[in-house]
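Before we start, here is the structure in question, set down as structure tokens.
The chains carry the letters A, B, C and D, assigned in the order they are written, with residues numbered from 1 in each.
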Amino acid sequence: MLPPIFGVLFDGIAYGMLLFVLSVGLSVTLGLMNFVNLAHCAFAMIGGYVTVTLVNQFGWPFLATLPAAFAAAAVTSVVLERLLYRRLYRASDLDQVLLTIGLAFISVSVAAYIFGTVQQPISTPEALRGSVQFLGLNLGKYRLFLIGVALVVTLALVIGLEYTRFGAQVRASVDNQRMARGLGIDVDWTFASTFALGSGLAGLGGALAIEIVGLDPNFSFTYLVYVLIVVSVGGLGSIAGSFAAAMLIGISDIAGKYYVPELGAFLIYLVMVVVLMWKPAGLFGKR
Amino acid sequence: MKHMMYAGTAMLAAALLPGAAQAQGTVKIGVISAYSGQFADTATQIDNGIKLYMKQHGDTVAGKKIEIIRKDTGGPNPDVAKRLAQELVVRDQADILAGFTLTPEALGAASVSEEAKKLMVVMNAATGIITSRSPYIVRTSFTVGQVADTLGKWAATKGGAKKVYTMVSDFGPGIDAEKFFQNAFKSAGGEIAGSVRMPVANPDFSAFVQRAKDLNPESIFVFVPGGAQPAALGKAFAERGMDPKKINILSTGEPVDETAVKALGELALGRISGWHYDYNLKNKANAEFVKAFNAEFKRNPDFFAVGGYDGMHLIYEALKKSGGKTDGDSLLAASKELKWDSPRGPVSIDPATREMIQTIYIRKVEKVGSEIVNVEFDKVENVKGM
Amino acid sequence: MAQPTTTVTPQSYLLARGRWHPLEIVFWLATLLPFVLFPNYLSLASQIAITALFALSLDLILGYAGIVSLGHAAFFGIGAYSAGLFSKYVWGEPFSGLLVAAALAGLLGYGTSFIISRFRHLPLIMITLGLGLLAHEVANSAHWLTGGSDGLQGVRTQPIFGVFRFDLYGQTAYAYSLGVLFIVFLCARRLINSPFGLALRGIRENWNRMPAIGADSRAHIRKAYTIAAIIAGICGALLTQTTNSASLESISFQRSADVLVMLVLGGAGRLYGGLVGAAIFMIARDQFSGIAPQFWYFWIGVLLVAVVMFLPNGILGGLAKITARWRRP
Amino acid sequence: MTTHSGGTPALSTRHLSKSFGSLVVARDIELNLPVGARYALIGPNGAGKTTLINLMTGMQTPNAGQILLGGEDITALEPQHRVRRGLARTFQINTLFAGLNPLEAVTLAVAERRGFAGKFWQNIADEKDAIEEAYEILVKLRLGDVCYQTTRELPYGRQRLLEIALALATKPKVLLLDEPAAGVPQDESGDIFEVVAGLSDDLTLLFIEHDMHVVFRFASHIIVMVGGAVFTEGSPAEIAADPGVREVYLGKRHHG
């Protein structure tokens, strides 16, 4: 039998994993492509609304909607990348901020127009409801599922970016665009697909998040701060870093609230400020 | 610059004098609400209540046409609310101020209503102090104290609770709820086992629920604002193995609102709450209201919607009584005598406090057929606002 | 810019750069128009003036020294609350309230500037964001002092000079806000044209070169950050005094983000960028939300995207480029 | 060995060492620059020449050793404080204020030296002396005619001169020039070195340069670095005659 704090920590880890899936895409686009995409959570919201619509309107099983959420966010992002983002790869950070904040604004009202301002309910499949007993702990099944998904995503990303041809192309394009072009790499395509990958992961995160944190048109902004915290604490472009940061934030948030509830709201921000003062480039950052 | 100001004043005076006469045929109601941002759904539902009432009762009262002017505050911004109230009075020549999703909005606009002597109908914001900020404020929603005090008393007496742990969101309404519930509970003989205040922006509740569980209280009182949090809190209870059927989980209405109950499903069964309105309330006025609301907006009304609906009722009836006079004093005097059958049951305006006197229902989440809903099983009538 | 001719000495060249452009005079005369043309919009005009000043204060650190802050509302909020508390517990004379707010915000700015000046780029943005959010949480948890989410109650601002009441039409409010805006603008303008202003531009243009010319960039940044905090504090105080309210929104992340957007929209690194950005953003918001209170975000979003696409470096930056192209066909 | 024997060296290093893990970039470097010297620092790419300048100016921190400026230990000082004590440098890759014009940039450097760069209440145009001093420096470096043009629009050769102008504005006692003519076509690089040669005799100079014609023409003394250590030093004639130098440096140059 384990003391109850382990159960709390388990919840913290699961919450951290949700933050990880939501953030890792931004870490990839910001770190590898140097693009400040503050509309990242808008792509997450697209994923969320796709899942909600498919489950509630069309009766799809929840799990089957997850790839759709990924795909919808990825496709939308490619369209926007071709139309808008591409022109600002060389622009100043501030112009990138303005563009992507503008898109986030638009996403909020489009979502409110189509889906209304109401919180979207979702019913997850029976298999993911309730909890299982393990050494005297109640472990939520959905949270176990979240941890599993996060691990799969991490593994796929690490393998995909480190060991595949695509990963090599991405890294080459980032390091030196001209040389990459010289080697016959289609840099435009590489950037577009990296962007699609990052946004697709956000879409997946958005779909997974509904069960834990709900979904309304303000989603584009509600989680932006958390996502930025994870990305900066982890270190730009570092998948392992985002993973570690999401764990750190999730666990310290929950453990802090358990032991010192008076500090509940302060802790995440304190952790971030302290980590960045100690390591400005983040836990796993290179620069 | 001084010259300019004097010139401006003169022009203004000239522009304003005929103002009152110009608005002869219409009554303008300025609705100040958080139409955008985090609280947009609240504002939407209030607005739906207003729209439905006007659809059912027409847009002409006492020979005057009702015109609604909507203004967005974007959130709890007293400064914006005050400015919008000023603009409504000065620029749009509004006769009545209404809406007010959130307490800071109402507090911001209060001084304008007092200075301009305009009736101000608070349709939602629920902190106690609001009505004391301007003699022209009438509230058609409820106060947090009204509900929490009633529930506290009920829990210690009829509810049979002895020891309660309280968990509230760390902001105005939450602290109000904690204070009123604890005081009422203690003075009715109960004991407070402990309490915790949780951050307002709090996506995950497991740590707080585990703290409560460690103390193993026989009852818990919770307050969190509507939105995503009620469902998250309910799930945290379930995941930490706290079953509402075994532990008394008491709350106001928000933590068991329709969205939360739908998201929680069977996990919500057994939750007890005190509240002034639910779409599932059994009375004739409500049956019609819910049916019409669903036909119009494809969703159920909630307490926000009924606040807007009753707010419009108050305005219509006051205008009828005042014979179409729109000055603040006439409308206020007329409002103070009002009494009607609302979808929430019999209600009246307390002339002393300008708050609603209404019934607080004690409900339990139950399965009715295939639906999981709040079912009233007890009630306290004629509760005054506080 | 000016081509060197025999008559231009280096000193007169620099003097000419600091001279008033006719358009500037037109701009400031135009700020008086609302008194005559839009007497019913003076409350809005007053809040635009306050926000414009807030954007100007952010411009001093962001536009001139290149320090991007996402926590600037912390100083706005300190100013707002201290002016409110001062009027509640000490006395309600507005100018002394402004000074108190400026002093407290400046003190906090000076304290945090020691942290800020050590960082750059993303860590800096995130640390300012973190500090801003912490300030918000402090204000929320100190209910007993700030009134928490209900906002501060009991703010009573006396008439200006004991004569001009803050009226329903917002005449006094606008005159007061505009007056303060203009005076602070003059100071900021002087600062930009001062040796210190040049040093700030040096920091923005090349952080690495500064130590090699013997410059202590961190000391410069500490000073600039403190000055910006003082101005932000004044803005907060103005908002409190003209509306008799101070709320958590005054110290929120949203306010920090909004002012950043307004500044970038208008054009960072230009004295008028923040002023133009704040005016356009707020007027657009007022008009759009008048048309569709629920969906004005959409049109604001479209506005931002359009500006980025057609006028890079903000409205003023884009216009400057276009006019430069005209002159050199 | 030194041209000015006796007296305190303008700049010297003692046992200066720097390594990154197992990579040693500076190994036990001992240098003495006499007042008014014209020293050249040569060596193959990766020999640690720029690192040495970075260490001396404080842009990198040594693992061990000291740096003495006019006999004073400045090892612990931050870069800007070394500059204020009279140790200036230029950069191999232009490190300029791209958005300022030369007049503004040099005036800024003068303002920093004179200690009024923090003044925010006075118009810069009122600082007549400083502006005139800046203008004189610019004229001396043949930049007078372009001093109102934005730096990023200047021709590359002019930008290299501005590098030197910025350093001179700090009124250095010791000036370290990191390849002042890097990237400049051969015919223009002579111009730059003529400007350098025309600098005051009190100024102690150390410059990194690859072009041996330039080195032999302008240097009174040559230091050869290889692999992070001083390989040898001596007068141009001695270096020219040293077979070891030929082998490690002059020989390699043909491959590099």
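FYI, a contact is a pair of C-beta atoms (placed from the backbone, for glycine too) under 8 Å apart; a residue touches a chain by one contact, two chains touch by 3 or more.
Everything numeric here is computed off the predicted structure, so don't read it as measured data.
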Which neighbours does subunit A have in common with subunit B?
C
Chains in contact with subunit A and with subunit C: which ones?
B
Looking at CA centres, what chain is most distant from subunit B?
D
How many Å are there between the centre of subunit A and the centre of subunit D, using C-alpha atoms for each centre?
48
Whole-Å gap between the CA centroids of subunit C and subunit D
42
Computed distance of Cα centres, subunit C from subunit B, in Å:
36
How many angstrom lie between the CA centroids of subunit B and subunit D, rounded to a whole number?
73
Would you pick out the residues of subunit C that each touch at least 2 other chains?
137, 140-141, 294-297
Multi-chain touching residues of subunit B, meaning two or more other chains, are 36, 40, 43-44, 170, 199-200
Among all residues of subunit D, those touching at least two other chains are none
Line, ring, star, complete or other: which one describes how these chains touch?
other
With touch defined as at the top, which chains are paired up in contact here?
A-B, A-C, B-C, C-D
Under the definition above, what is the set of subunit C residues touching subunit B in their complex?
32, 35-36, 39-41, 43-44, 46-47, 137, 140-141, 143, 147-151, 153, 168-171, 175, 178-179, 239, 242-250, 254, 289-290, 293-297
Give every residue of subunit A touching subunit C within the complex, in rising order.
84, 87-88, 91-95, 97-99, 101-110, 112-113, 117, 225, 228-229, 232, 236, 262, 265-266, 269-270, 272-273, 276-277, 280-282
Subunit A touches which residues of subunit B in the complex?
36-38, 40-41, 43-44, 170, 196-204, 206-208, 210-211, 213-214, 227-228, 231-232, 235-236, 238-241, 259, 262-263, 265, 299
Subunit C - residues contacting subunit D, complex
1-4, 8, 10-15, 17-18, 190-191, 193-199, 201-202, 204-206, 208-217, 219-220, 223, 227
Per the touch rule, the subunit D residues reaching subunit C in their complex are 57-59, 78-80, 83-84, 88-89, 91, 95-101, 103-105, 107-109, 111-113, 116-125, 127-128, 131-132, 134-135, 145, 147-148, 150, 166-167, 169-170
